[in-house]
Structure formats: C-alpha cells, structure tokens
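Read through the structures below before going on.
After this come two complexes, each holding subunit A, first together with subunit B and then together with subunit C.
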Partner chain A sequence: MNTKGQTFTLEGVASALILLLALYTLYQSSLVISPMWSEAVNVQTKIKAQDTLKILDTYEKVDGNFYTDSLQGMIVNLRNCCLGVNCEPNEDYCTPNEDFSYSLGVVLGDYDYRLELYWVESGTVKSAVLVDRTPSPNAVAASRYILLNNSELRDSVFYRNGVEDWRPMIFEVRLIVWRP
Partner chain B sequence: MMEGGKLSLDLLIGLSIFLFTFMFIASFLPGVFADVRNEIGLMHEAYRLGVVLTEMDGYWRNSSGNGTNWHEKSDQWGKPDFYFFPGLAKGKADYLSYEKIRAFNNLAKSNYDLVRDVLGLKTFDREYDFNVSLESLDSTPYSPFLVKNRAGEVVLQAGKPIPSSAYVSRYERFVWIDPYYDLIIQDMNPRNLPRNFPKECIDIEGDVQCELTYPIKLFRVNVYGQAGPAQPWWLGICFNYLTGSIPSCNADPGKIEVDFGPHISDNPVFSDNLVEGKSYDLTQTINRMLKERGFRIGDKVLVSFGVKNIDATLDLSDSVALIAGKAAAKIVIHVW
Partner chain C sequence: MASVKERGQVLILFTLLISTIIISISVLHAQNILAGMETSRTMMMFPKEEIRNLKDLAGIAVKKMPPAKWGEYSSDIYDQVRVLYSQKGVYGDLIISESGSKVILNFISGDVEYSETMNCAGGECK
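Let's turn to the complex of A and B:
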C-alpha cells in the first residue's frame, strides 16, 4: 500500500484545533488580573490609611486635654491596663477608647483594620497590639509618628516616674487596613 | 525505494498548525492586557489629580508677582500672562481651604478646558475628562452624598457628568476642611443674631422641632452662658420616631440632657452640668442611642429642644463629620 501523502494523525490535528478553540474561549471569557492592577488597588487603600492617620493626628488641645478621638488622645488615655507584655490572664488589655474607635470606624467605613503601637523603652523597641484582627493577604499598612512629652503622658501606662516632664517619647501608630 | 529529501504531509500540517497557533497567541496576548493597561493609565491620572488637589497649595505667577492665593485672582484666570495651578491644600497634605475649594468649583464650571489644561489632562496627544466632588465620608458610588454649605449649595462638584459606559477611574482622598464654619448649620439662640434655623426645623411658638437623618454626622452644642440674669437655665434635647411626638423637653435646672421619647425621663441617655464656655459633642451619644432603638441609615428622626434662659449655639451637619476636631469629608476624583 502506498502510504505517502496521507495523513495518519487525523486525531492529532483535531485535538490541536480543539486545544486552540479552548484557548481562544479561555482568553475571551476570563478576567485577567495583572499584578499591576492589584498594585493600583493597594495604592488606593494605602493612601486611605495614610489619610486616616493624618486626620486623626491632632495635637490641638481643648481645656488642656487632647481630643479623645485623636491619636494623641488615644495614647494618653491608655490607662489602668496592660500592654500585652507580661500581662497576667486576669488583667485588662489596653484597647483604644470608645471615641477613638468610633471616629476611626466613621473614616474607614467598610474597611477592616488592625492597630499596633510601637515605642522605645529603655533602649529597646516595644510594641502592643491595640486592635487585634487578622489581616487578609491584600492588607496594606500605614504609620504615623506621634511625639508626646512625659507630662502629657501623666496617668497613662507610658508615664515614667522620676523623668522630667519635658522628656519626649516617640510612638509609631501602625494602621493595617484591608477590605474584608 | 529512495525516500530521502521528501517531506511528509503530516509534518507540513503539524508545522502549519504550530506556526498558526504561535502567531495567533503572539498577536492576541497584548490585546488581552490592553483594557487593563488602559485602566491602569487612568488610575495613574486620577491618583495624580488627587495629589495635585489635596497635597499642593497651588500657585500663581505673572509679571507683577507670585503667590499661592490663586483663588483670590479670579479676574486674572485665563489671561495669557497669568500662570496658575489650582491646588486646594492649605500648607499641608489633606488640609484643604474652603475658599480654594469654592474657587476651584467656580473655575471648573466657568472654564472647564482651562482647568484640564493647567492640570495636565489635555496634552497634544491625549485628552482626559474629569469630575471632582466633595462628598460625605460614607458616600458611595451607588449612593453619593455631596457636602453642602450652610446655604444649601453643593460645595464642590466640578467637571463633566460621569459616563455610565466607559472606563472610568475613581480615586478618593480623605481630607479636612478649614474653616468649617460654612459647612455646618449653627442654630438655636445665636448671640445678637436673629434665629436662623435650618430648613429641616420648624418653630412652633418658640419651641424648635427638626427632622434629621440618621446617622447624624455632627451634633455639637456650644454653651456661652446664661441668657441674662434669669434663673434657672437648662437645655433639653429630645428625640423620637417621626410617628411620635415631643410635647415638652424640659431638662433639670442647670443641666444639659438628651433622651429618647416624648420628654426627658428620670434616667436620661445623657446628662451633664451646664458650664459656661463648654462645648458638648453629642454626635456619638445620639447615634448610639438611635442605633439601639433600631434606626437604620437614611431613617428620619424627630428632634426637639427645650431651651430655658441659655445662650448657646448648635453645630449641626448631615454631611461633614467632626473627627478629632476636624471637619472631615472626602474628595472623590473620576477620570476617563
């Protein structure tokens, strides 16, 4: 039998065409999420987190007190509580005051958040989680530095006995934001 | 049989299909990302516009001088020797000037193309349209809530109407506005001024009743002191459902009290001593009280004031929220 000039692999050709058709259908119907696109969305979330901290950062005082819903007011009102370092089980963990939580919720709206505080004590960086929620993988972080002197921290858990009133203490408030 | 130098048909067909597929994918792949690339480009422009408006003070320059108060040079806008850049900030990022916002609104309404030009949205090879608005923090694309001033005018909505069928990039910036006096309604018993109630309120023989919308963004009472030597003084603030009534709202002497119902009960939701010169921000207290009573976003609530010998004002807003002493809202930018 002369087999030259014949195609033996009709199945092969057919499968190649089917594969091509499937590929074409896939590209036509699927949404392509490129890394750049998700990056752009993350930028919007990050900017919102930074804007939120800027709004809450108010050094202005009324009757000698910080606004309770400002970052400064939140820090100085962390009183009679434990910062999560060597806390006993029956101790109250430090959490932001109600006014601060309310205002933060008003600004962030649908976004979920986690709030952390960092400061330097005796030469070492210490931290506490004030609002402990688990971020999603697409969460972004923003931070703001707050400077308060020892007299402004009176009655708070950060007050240092025997230290001059003017001695400053720097806090980093870290806000981690994500869409639930 | 000599078979060298011959091509089989299988090879030809296989090679053709392979090359065809290769060319198809090579030409098709860039098209797959074209839409995404277009959207990324728009987001970039929207982001840039957001930075220009909310982080820059703006400037003006001509042969006689320069400065950042471009908003006060409206008679010069558009003149060939007058160069300006309409930033809305007031010395630092997100801190916006009310006057600059209003000037930008007027400028974009009167000369849209000029604004596009100075903001870099109209170049020799590309043109973008834009829409910028000042909205409440809880405003959404599906239910936008524009900030209005005490005269009831929309503070900022500039640019073209947003198209429903096009790639539109949206960007938001949280900001605070200074001064915010024009964004709130001051009411009650302003000193030496005629009573100036918001349109939601009616005056029934000296008693004021208003219809407000939940959640209330700003409700702050500023107490200046007693009105004359008369005694006693108090301020009662009563809320009720629209179907209910508030026949009287008298508080205890020397007190400011808030409650829900037809009158102030023996155990009000909020009670404090009246102190001269003190401000009472009741926004959160009232919203919490209304939420506990089943109010949902957008519901109307009746409020009545029992005012006795008191010199006080009420800061009231249904659009700007007072956050850490700042009147906060958001600038929403659309570019397409």
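Let's turn to the complex of A and C:
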C-alpha cells in the first residue's frame, strides 16, 4: 500500500509538472507581447538620443567662443550658407561643422541619425534639415532646447540685423536616431 | 477492482488539487511580471528629460537676462518656448517674474501635468 501511495503521489506530481510546463509556456508566450518589447527598445534608443544631446549641450566658452562640437557651437558656426526651402540651386545648404559631426558620430556609435533644427520667427516655427538621411521605421526622436542671445549669433545665419544684442532666440535641436 | 477504481479517483482528485495550486501560483507569477512591466513602462515614458531641459533653460535664461529688460526678455522666452512646444502636441512655458528672481515652469502633455516655481534669486535657479 505504501509503495502504491508513493507511486500515485509521484504520478500526481509528474502530471502537475507537465500541466505547469504547458501553462508556463502559454503564459510566457502570451506575456511577451511584441509591441511592448519594441516599445522598450524604442525607449532605450530614445534615452541614447537624449543622452547624446545632453552631452553635447554645453554653454561653456573658451576665449569667448563656444566649443565647436557643442550644440551651441554648431548653431553659431552655421555661416555663409542657406536654410530651408528658400535656397537657390547654387547656394550651399547649412550643415554642421566637422568637429560637431565627429563628436556626434563618436557618441552615437552604431546608430544612424538625422539632424533637424527648429526656431521661431515672427511667431511661426521655421525649420531646417542639417543632416538629411532617411530614417528607418523604428527611428526615435529626441529634442534639446538651446537659448542663445542675438549677440552670440553674430556672423551666423541666424543673426538679426537691427535687433538688440540681448534678444533671446530659442532653438530646438531634434535628433532622430535609428539602428541601420 | 472497486478499490483500484477508488484509488484512481483519489489520484485524479489529488492531481487536480495540485494542478489548481500550481495554476494559481503561475497566474500570480504572470500578474507580477505584467505589473512590473507596466510600472517600468510608466517610469520610462515620463517626460523627465523634457522637464529637466526646461529647468536648465530657465537657469540659462536668468543668467543671460539683462536685469533692466527682464520684462521683454521674459515675454520673448515665453512666446518662443510655447510655440516650439505646441508643434509637438504638448504645452510648455517659462514665465520669468519678479525681475528674474522667480521662474514658473509649466509642462502639460496628454499624460503629465507638471508645474514648478523656481527661486532664481542671485542667478542660480533652485
């Protein structure tokens, strides 16, 4: 009797384990909902983009000039070029300086990117694409807002003649990042 | 034969009992994973970087602001921040008040409503 009882118990445990395995597989497969995981991956990419912009955002100056590979230095050094859709065919489109492009590439590593700039002129938003690459469907965007006075924008394409030096101008630097 | 049948029934009953316990535990386990994922998702989606960026911007604005022109400067900042945020479907603004000693920050999106008054006396916002 004792032996039989033990056998029954073992059988019970074994069948329960089989059931558990089946149920566990079922729950696992129903839990791993793909949109949720893709969202988690998107959030990781977004954090990477946000961190990159934060690293490059520095208001520190050397000899009165922003670092050329900072977001501020990149904006200030957009010179002798044209922005937006008003460019003539023989004009140069504005692109970030080499130092900035190098630093951005180093921080982003394997990721590919597109860089856009937004600002406000007479109450309306203006925009320019500084690095024009076509994002993949899983691309993620992050933004950083930069504040520069008119005096700091001297010689750049954003300098406003006849406007006081202290007048502020806010730029949104939008970085769109994806894995190639 | 009768006794063997009864033992069989007992075996089935016990199997059902143990299975029910295990199912309950696995449901609990599954619920925990779901709750954990939802919590982490909520934390990850909170626009903390946007709000930090606005706070940084407030500090920079107060440092760059000419004290004599704080009213016009504040108005310029307020208008531009509002317009730039509006194109992203959220409301954000910075209001510099009391000659630049206070900055009010507002950020309102579909999920989050955030407002903070920073003390910026002396050029450092806290």
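As a convention for this text, the second predicted complex is superposed on the first by the 147 of 180 C-alpha atoms of A that agree within 3 Å, B and C clash if a C-alpha of one lies under 4 Å from a C-alpha of the other, contacts with A are read in each partner's own complex, and residues count from 1 in each chain.
In the analysis below, a residue touches a chain if its C-beta (ideal position, glycine included) is under 8 Å from a C-beta of that chain, and two chains touch if they have at least 3 such contacts.
This one's a predicted model, so the numbers in the text were calculated from it and none came from an experiment.
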Touching partner for A:E60 - first (subunit B), second (subunit C), both, neither: first
Touching partner for A:D99 - first (subunit B), second (subunit C), both, neither: first
Partner chain in contact with A:D69 - subunit B first, subunit C second, else both or neither: first
Subunit B versus subunit C as contact partner of A:S15, first or second or both or neither: second
First, second, both or neither for A:P168, with subunit B first and subunit C second: second
Which of subunit B and subunit C A:R144 touches, first, second, both or neither: second
Overlapping contact positions on subunit A, where the subunit C interface meets the subunit B interface: 4, 8-9, 12-13, 16, 20, 23-24, 27, 36, 40, 43, 54, 57
Contacting residues of subunit A [partner subunit C, same complex]: 4, 8-9, 11-13, 15-16, 19-20, 23-24, 27, 31, 36, 39-40, 43, 50, 54, 57, 59, 118-120, 123-125, 142-145, 147, 149, 164, 166-170, 172
Residues of subunit A defined as touching subunit B within the complex: 4-9, 12-13, 16-17, 20, 23-24, 27, 32, 34, 36-37, 40, 43-44, 47-48, 51-52, 54-58, 60, 62-63, 67, 69-71, 73, 98-99, 102-103, 106-107, 109
Complex interface listing, subunit C residues touching subunit A: 7, 10-11, 14-15, 18-19, 22-23, 26-27, 29-30, 33-34, 37, 41, 44-45, 49-50, 53-54, 56-57, 60-61, 64-66, 69, 73, 76-77, 79-81, 83-84, 87-88
Subunit A-facing residues of subunit B, complex: 6, 8-10, 13-14, 17, 21, 24-25, 28, 32-33, 36, 39-40, 43-44, 47, 50, 93-94, 137-138, 171-176, 278-279, 284, 321, 323-326, 328
